[in-house]
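Chain IDs A, B and C follow the sequence of writing; residue 1 opens each chain.
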Amino acid sequence: MAKNTLIVFSGDLDRAMAAMIIANGSAAMGNEVTMFYTFWGLNLLRKPEKVKVEKTFMDKMFGRMMPRGPEKAKLSKMHMGGMGTRMMKNTMTKKNVQTLPQLMESAQALGVKMVACTMSMDVMGITKEELIDDIEYAGVASYLAEADEGNVNLFV
Amino acid sequence: MAKNTLIVFSGDLDRAMAAMIIANGSAAMGNEVTMFYTFWGLNLLRKPEKVKVEKTFMDKMFGRMMPRGPEKAKLSKMHMGGMGTRMMKNTMTKKNVQTLPQLMESAQALGVKMVACTMSMDVMGITKEELIDDIEYAGVASYLAEADEGNVNLFV
Amino acid sequence: MAKNTLIVFSGDLDRAMAAMIIANGSAAMGNEVTMFYTFWGLNLLRKPEKVKVEKTFMDKMFGRMMPRGPEKAKLSKMHMGGMGTRMMKNTMTKKNVQTLPQLMESAQALGVKMVACTMSMDVMGITKEELIDDIEYAGVASYLAEADEGNVNLFV
């Protein structure tokens, strides 16, 4: 059994989809897969609803400016004020490609380990209550230990 | 002999050049190199001329909005309405750096395997007739099998 | 002792920070780490002050348009004319996260090898005098030789 790790740095719809398609494919082949969500990627782990948490003014600002969950992710190119992203989503649905939220659920069902980068959480002022369930929390040392055992380690 | 794989996710001129320079360098050293073109990267494999194919309205729209071939690729930064990209191309030509189309040709001549991601083709409504010759077609499982044998696997 | 390589392609503040955090973490764990600065990433190695060098008109233009050193790096998202980048920097300082210039210094102190891509230097018309001290100079063949020995090789 091989081991794969993916650093999900980007929160863009297209990059996140690429990461999730690789993760699902790898897990389906019986591999052990770990995804580290860091920087903008952390937004993909946020619950879609607003969670009430005590925060500093700055942390509140960041929280409001950044998308909550995969449903809100935008294309890195051709977003075109929302039209391009909508077009792409429609097309994918018509062609029976799983949506990003579906891919994330299916990955979790397949046992893909999802890890939120605690340093990014701290910087962006995001708390555990705001993130989805069944994920883990760790820092760069933990990532490196896992990647060291992996043979396909990607930064997306 | 080592094996390298590159996922060419981006269709940007600068990222595509980086990928091609690595692929050419690696192949020249005698390594086995496979490049997987997916999402925006798929546009790099498109023939520069318009190919007549039956398509849905949506697929036609996508096809028209996205660049056909490496000649049309733009810088991810400092494109500046075309001026930056033109400047960069001129400079590279003056300094005897191979252009992106030349790098792609030379990679194929060196035996670099170019693979079009069939799922991306499906989503973007791109057919085999629209892509250049001497490439292969595969999905994520095929990528993972190759990357598993590789020791340098990059996502560009 | 494991070996890690990072291609620092991007000069964006967020991506550069991710690369540096991984590099510092890995070096602190006793690993051998090499960072290859190429394309926009090369700008991170530039001295902050203007260095007088004979250049062609084109090279001067490029030199002026691109940021000199990590202090000038901008966020890839939410830069918002400087406001977002400033906000993020302030937040990181308040939360005791090392700044990008500090991370680079600390990486060098930990023995991380920093390599400037000579081909990028040539294309951008950047000379050794304009880059910081204690770095090395090499091309893609040298990168590939090192990555071949590494087990975690990322393209950032």
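Annotations for the structure displayed:
The rule is simple: a residue touches a chain if its C-beta (ideal position, glycine included) is under 8 Å from a C-beta of that chain, and two chains touch if they have at least 3 such contacts.
These numbers come from a predicted model, not from an experiment.
Although chain A and chain B carry the same sequence, what matters here is overlap: shared residue numbers make up under half of all numbers found at their interface. Relative orientation of chain B and chain C, expressed as the C-alpha superposition rotation angle, is 120° to the nearest 5. Chain centres here are Cα averages; for chain A and chain B they lie 25 Å apart. Residue positions of chain B with contacts to 2 or more other chains are 151, 153-155. Put simply, chain C touches chain A in their complex at residues 2, 4, 14-15, 17-18, 21-22, 25-26, 29, 31, 77-78, 87-88, 90-92, 94-95, 97, 151-156. Put simply, chain C touches chain B in their complex at residues 7, 9, 38-40, 58-59, 61-62, 65-66, 119, 122-123, 125, 139-141, 143-144, 147-148, 150-151, 153-155.
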